[in-house]
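The first chain written gets the first letter, and so on, giving A, B, C and D; residue counts start at 1 in each chain.
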Amino acid sequence: MKDLRIIVTGGTIDKVHDTRVEGLSFSPDGSTHIPEMLRIGRCHFPAIELLMLKDSLHFDDADRDAIAAAVTAAPEPAIVITHGTGTMGETARFLDGRVAGKTVVLTGAMRPFSLYASDGEFNLGGAVVAAQVLSPGVWGVMNGRVFPAERLNKNVEQGRFDA
Amino acid sequence: MKDLRIIVTGGTIDKVHDTRVEGLSFSPDGSTHIPEMLRIGRCHFPAIELLMLKDSLHFDDADRDAIAAAVTAAPEPAIVITHGTGTMGETARFLDGRVAGKTVVLTGAMRPFSLYASDGEFNLGGAVVAAQVLSPGVWGVMNGRVFPAERLNKNVEQGRFDA
Amino acid sequence: MKDLRIIVTGGTIDKVHDTRVEGLSFSPDGSTHIPEMLRIGRCHFPAIELLMLKDSLHFDDADRDAIAAAVTAAPEPAIVITHGTGTMGETARFLDGRVAGKTVVLTGAMRPFSLYASDGEFNLGGAVVAAQVLSPGVWGVMNGRVFPAERLNKNVEQGRFDA
Amino acid sequence: MKDLRIIVTGGTIDKVHDTRVEGLSFSPDGSTHIPEMLRIGRCHFPAIELLMLKDSLHFDDADRDAIAAAVTAAPEPAIVITHGTGTMGETARFLDGRVAGKTVVLTGAMRPFSLYASDGEFNLGGAVVAAQVLSPGVWGVMNGRVFPAERLNKNVEQGRFDA
């Protein structure tokens, strides 16, 4: 199987409940939940790179340039990017054409992993598999479906990514 | 994307804690957790077929014939089979050659879904994606890896399926 | 043991993650999680009354009058009130003196029950016991401690109720 | 409030799923879940003593002597003992009369804490409160009820402790 790297950028999948504000934010210590998710999935082989922890609604082109640079710099041919759902499609289309020769799969969650009953593990499990078997290009994997970059869009009404 | 059917056969993924025996068994009401797992994964499109709820260590050729018949009878070209980990490889090799023209992916879990921190959702998310994108044939998807039938084997020592 | 009623008024303990706003709110269908919490605690005997589902920061005297009226109307001598943490102390002091002859225990959670790793069950388990064994009066039970109404105060810095 | 010690003896509350035997056992590293349960309950004040990790069906008088000795040696006036449900009543009656001057509360769980939807936190929250407010003597707190030692009995049929 192909070597795989997971590049962490934040998004809902990595948010936690903050009792002080009674809302969601990232861990105050700047940590990511992806290693724990892989441990639960008993998936030991991916390299993990914590690039940033941001809400994707606040991403600008500098953030997306940083993601493209991380993908290019990675020695692995298969890349999973964990990403907020708000602008996952925009980032996919930004990367498309900039990261030739690699299979890049964006994923995330509608509900944080740190809350019970998140879609995060289901999505991450799909993304890890997809990155190893799909052709080079930029893809999204969410809620059981594989989307090419140009058709990766959140269905806000249904609360999922949909065909 | 291809239409997908999930055929449920039991295994650890579907076991529950039974307080009377203080051990694991299937739900007394004969139900499966796969629909709830898909709901959590926000994955609404698969057809689900509850074929049996058995520990795969107790499978015989009659059980495997029933699984092959269910795969053959399914109208969908993509099939996920949830299965115990004990003899998942044997069933994959039994099916290989008997279910031509379909993409069949076996999956399951080392730890029941009904217990916190199961690998079940990670595995199911991977299997649902794999069944839609892999070539026809019989495969296993466990713990982030895709295995052809002939190399699908549990690593008892590590508590996972491994390359 | 004394008969017990649980009066539900909302608060963090009953909040859910809402994927549309990516924040916390009450269930859109107006339901409470207290029955499920009791089922998990295998505690079958309390009567449950859903009085309101409100954030206690938005409580006014009309809300507190409604709570006092519900306590007075209850046929049971032991009452647990689930309540937001923001003004739990204010409600306790409002009720003190207005609900003579009953043992009234306020409780809630710093983290919603519907999120993994909530203090809700620990607190509810303590409140149900306290309401049966404490003398008549108004009390708070949070995070393993019993507080008389006049000393029931949230420690925002520590994220708990504290002596 | 009274100082409190929790003496850990094992039982279902502390069991984990062991993937190798596909059943329940104690953690191979000999650790207890009680500190994590208190952390989730945001209850920071109890002293914790890991005395043993045993299934209470295997307890003999030497084990119960060790528990009585630990209670007697404890400097705190309030003691919670986490214990298997199988012989919780027997241990309570054994301790009754041997541990004068202290409030001793036995508790445990029908379903392990490490599995989702355990009654362990509800029970522990009740026991921690009861140990601080009940008179000296030996008690059991399970599933929302307080039982004197002589009436502490598991209802196997209902899967709970019941009046």
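Simple rule for what comes next: a contact is a pair of C-beta atoms (placed from the backbone, for glycine too) under 8 Å apart; a residue touches a chain by one contact, two chains touch by 3 or more.
Everything quoted here is computed from the prediction, not taken from an experiment.
J.: On the document's contact criterion, could you list the chains that touch chain C and likewise touch chain D?
T.: none
J.: Between chain B and chain C, how many steps is the shortest route if every step has to go to a touching chain?
T.: Shortest path length, in steps: 2.
J.: Nearest whole angstrom, what separates the Cα centre of chain A from the Cα centre of chain B?
T.: Roughly 25 Å, centre to centre.
J.: Taking each chain's centre as the mean position of its Cα atoms, how many Å separate chain A from chain C?
T.: 38
J.: Could you grab the centroid distance between chain A and chain D? Build each centroid from C-alpha atoms only and quote it in angstrom.
T.: 43
J.: Counting only residues that touch at least two other chains, what does the list for chain C look like?
T.: 110, 116, 159
J.: Hey, which chains are touching each other here?
T.: Applying the touch criterion to every chain pair yields A-B, A-C, B-D, C-D.
J.: Please output the residues of chain A touching chain C within their complex, sorted ascending.
T.: 12, 17, 19-20, 22-24, 110-112, 114-116, 156, 159
J.: Please name which positions on chain C make contact with chain D in the complex.
T.: Touch residues, chain C against chain D: 1, 37-38, 40-46, 110, 117-119, 121-130, 132-134, 141, 143-146, 159-160, 163.
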